[in-house]
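You will see two complexes here that share chain A, one where it goes with chain B and one where it goes with chain C.
Our next item is the complex of A and B:
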């Protein structure tokens, strides 16, 4: 049983870190640029498809991944410059409509370029096995490496936001946009950079998910909803909030799926428990979000000044 | 030309066209999934549908065929809407397609109420084989439980004592689990039902499989999810510990994405591409020639469904209003099935063989599915006794 709990905690951690990569970009764009970007999931999808394509060309997963990141960053920057710049002063509803349109555009574009079937991203041999983390306990190497990359990115973002000049501007932008504009910062450039960074983080999440989930059209939409839940729980504009909330959501989702059926079986019959458990476990995170919205509407770690 | 002649001429033309317009076409509504990750299944079935029409010269019993395609988006509510649209505004004579049991269950009542024949190309929910069986519903595929029942039997034959079952939490997933449990004689040490269709990460469930230490894992994950479950199973390093058995999880559509991960995995199916009969050889060869890929079992069943409709329309000589005549002809199933001999049980589900299939590498290097044994001969589903229909 302890082994199972350990394994499930790792599963939860891995899902949480994947969510964090997406939510970090989303919360930066939302918090700093005040833009509701539903098309964030599209960057996740594009990252996955580009990585699969580049990996096919170069015959290397690592090279494919390294090429897909700047490529998606570029896609993000171009999207920002062409479509989103004019939306900043507009109403949130206009932004939702426009970025929803972008989802449809990107889904169809991917269908035209790569076809409807989706793409698989095969892992190199050394990642497609499992390792012994404790005596007689094996865990997929690849999922462990997702945890490693996720933690590394979290540290990188912490240093970037807390210790660099760019990070200072990002924090200032999240707290008071007008003021940093008035201080002579090129806010347009800052916005483009932040959006590009968000797109690259989403692409990283997408290309790391692709070997597990395969690259599929519309793969971004499901996880986008979870990412919004994460930033609502964590507090909009806060990277720290996104990190903590993503881990909480990842854990709750996994633990719910893992242990709820057994728990329900204590007071329901087997068939009813088997039917009810998946339904209830998929509701758990939304219940948490509802509770947070009632008790602490600004989120767990709101960005200062909000 | 004066006005009167012109009028007469027009009237004569209208008269000539009149009867032709009235009954000139056999209209077939095809409801299937053409968007989202499982669009590849819908496209495969549509390709088979088109190939069958090509083979028939696009006519049934001398009457032209018109096919109308609708996308159900894999959603029961949308499937029902599209079915009603086909019945009410297109006035179709037959409905076919339907991959998903939950979509079919939502749609079938509209067909029955309007006395439109619905021939399922894939989904076979237990309800429609039992208490909800109906004179206007036929299955050209199988009842959901049958394929996993064959798997349960195959597991017995291989001496497996403990299994773990994983399936999605919807109508077909429950039928599949019930099917394998009805024939498997050993112990079921664990069962997991996952959220359908959006849960694609099975890490938590696969960890439980490892902890339960079964002799075998049985899964039912059709379409895109089949790629993910198999890849994650391999990545978890379970292959060395728990062998993988499945129904509807490895097929000609998923194989190009599953690749070597599928090698050696066993499944059961009522149609395999190497079945030795003339109709099947022609179907597989022409499908490969036209579309440059292997047909899946979905395609084979849909091809049979069109040939079944053709046999009925031919038998009533295109008199599409003769519903009793059409039903009687459908029940005879007088057509050359790609599954060899084809006959209906009292509940309008086929009585057929089930085979054990294995993923192998051909001499040409490509992966393919191959029949290795016949598990059931002339198998009937379990739900027929609950069906009141007699003929």
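Our next item is the complex of A and C:
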């Protein structure tokens, strides 16, 4: 039982970190540009498909991943320059609609290029093994490495935002856009950079999820809605909030799915528990979100100046 | 900004003309010997009802609900579940579809309306996703695969909904009813408060209106009308599934409202017709029609914000000017 709990918590941590990669990009883009970007999930999907393609060409998972990141960053930058740039001064409804149009476009473009079937991204030998994390407890190496990469990116983002000049501009941009423009910072360039960074983070999440879930059209949408939940819980614009909330949501989702059926069996008969459990466990995070809304409508860690 | 609503504005006249043409549509379909037209347009009418309900809160109330399709699903599932238990009476099914939608709207609205702006968009989307997963979790009623409805709602000997034309006219009548209801609501004192709260909520509160209650009431009424459209949709498709409340459906509804012209009486009618016609025509040109539709949508957002309704009014203005 303890082994199961350990395994499930690691799975939860892994989902949480993937969510964080998406939510960090979303929350940065929202915090700085005040842009609601539904098409963020498309970058997740494109990252996965590009990685699968490049891995096929180069015969190497690592090379494929390393090529897919800058490629998606480029897609993100081009998207920003062609379409999203004109949306910054618009109201949120316009942004939602236009990025909704982008999702339709990207989904269809992927279907046109890669076909409707989806693509698998095979793991290299050294990642498809498992490691003994405790005596007699084995856990897949690949899932462990997702956790490692996720944590590394979290540290990288922390250093980038808190300790570098670019991070200083990002923070300044989040609290007062007009002012940093008046101080002579090239806001357009900053926006493009931040958007590209967000796209690359989403692509990283997508390509890491692809070996487990396979790259599929629309794969970014469910996780995008989950990352919205994360942002709402964490407080919009706050990376720290996104991190904490992503871990909470990942944990609750995974652990709920794993243990709720057992738990419900204590109160309900077997058949009723079997039907109720999946529904209730997929509702758990939304209930958490509702609870947070009632108690702290601005989220756990509201960004300063919002 | 807010012009007095005149029933004889060009866009309303255009809407009246369209409604007359819609009333004649089954005749055209018979003349052209293409009964498919009736099916296609029935679907448009049902979506127009849903869009009309969304227009009340989005267009007039400024609440960008990104989860409105959930009521289509709720209304549909009420009809489907009752039918699967042998309850076919429309007198029971439809009011219950409306009542359950109202209940969901009340709880979800009470939570969502505590927030504003982008939070509201994301949270309505998230709750709709939750209801979607509830639908997927209904294993007894088909889960992900959905539920077939073998008998349409029955209204005794009064109406036979299995007759496609009768059903078409029922939908048309309900659409006219919904358009009229929303129009009257918006013109009433309630509607004034709702619109006032859209343009400046803080000021409305300062002069003593408990706007939260008004907004919540609007949210619930919109949910009820949309729940009815869900009951119609279930009858139309003779099938319900979670796909009815997929979040893309909610996006489509917003597109219809904006396309037709937000906060105009006839906007949802134009929007739903135009959206579904464009979808139908594009999908006949290419299987990959969304690759055209997506950018088209972006262009509409960027360059044609007033929607189709304002187009009619602009033409009129140009002629006069």
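The rule we apply is simple: the second predicted complex is superposed on the first by the 306 of 306 C-alpha atoms of A that agree within 3 Å, B and C clash if a C-alpha of one lies under 4 Å from a C-alpha of the other, contacts with A are read in each partner's own complex, and residues count from 1 in each chain.
In this text, a residue touches a chain if its C-beta (ideal position, glycine included) is under 8 Å from a C-beta of that chain, and two chains touch if they have at least 3 such contacts.
Just so it is clear, the model here is predicted, and its values are computed rather than measured.
Annotation for the three-chain superposition on chain A: chain B and chain C clash. Applying the stated contact rule after C-alpha superposition, one finds that A:279 touches each of chain B and chain C. Of the two partner chains, chain C is the only one that A:297 touches; chain B does not reach it.
Residue contacts after overlaying the shared chain place A:228 against chain C, while chain B stays out of touching range.
In the superposed model, A:96 makes contact with chain C only, not with chain B. Residue contacts after overlaying the shared chain place A:85 against neither chain B nor chain C. When the two complexes are overlaid on their common chain A, residue A:211 makes contact with chain B while staying clear of chain C.
Annotation: chain B segment clashing with chain C after superposition, chosen from 5-13, 77-85 or 257-265, is 77-85. Taken together, the two complexes place residues 222, 275, 278-279, 282 of chain A in contact with chain B and also with chain C.
Those residues of chain A that touch chain B in the complex are listed here as 3-4, 7-8, 11, 14-15, 116-120, 122-123, 128-130, 138, 140-143, 211-214, 216-219, 222, 254, 257-258, 261, 274-275, 277-279, 281-282.
Across the complex, chain A is touched by residues 58, 64, 66, 111-112, 114-115, 117-119, 121-123, 125-127, 129-130, 133-134, 136-140, 247, 251, 254-255, 258, 288-291, 293-298, 300-302, 305 of chain C. Those residues of chain A that touch chain C in the complex are listed here as 30, 36, 83, 86-87, 90, 92-94, 96-98, 100-109, 111-112, 221-222, 225, 228-229, 231-232, 236, 275, 278-279, 282-283, 286, 289-290, 293-294, 297. Taken together, the chain B residues at the contact with chain A in this complex read 36-37, 39-40, 43, 169, 174, 191-195, 198-201, 203-205, 207-208, 210-211, 224, 227-228, 231-232, 234-237, 253, 256-259.
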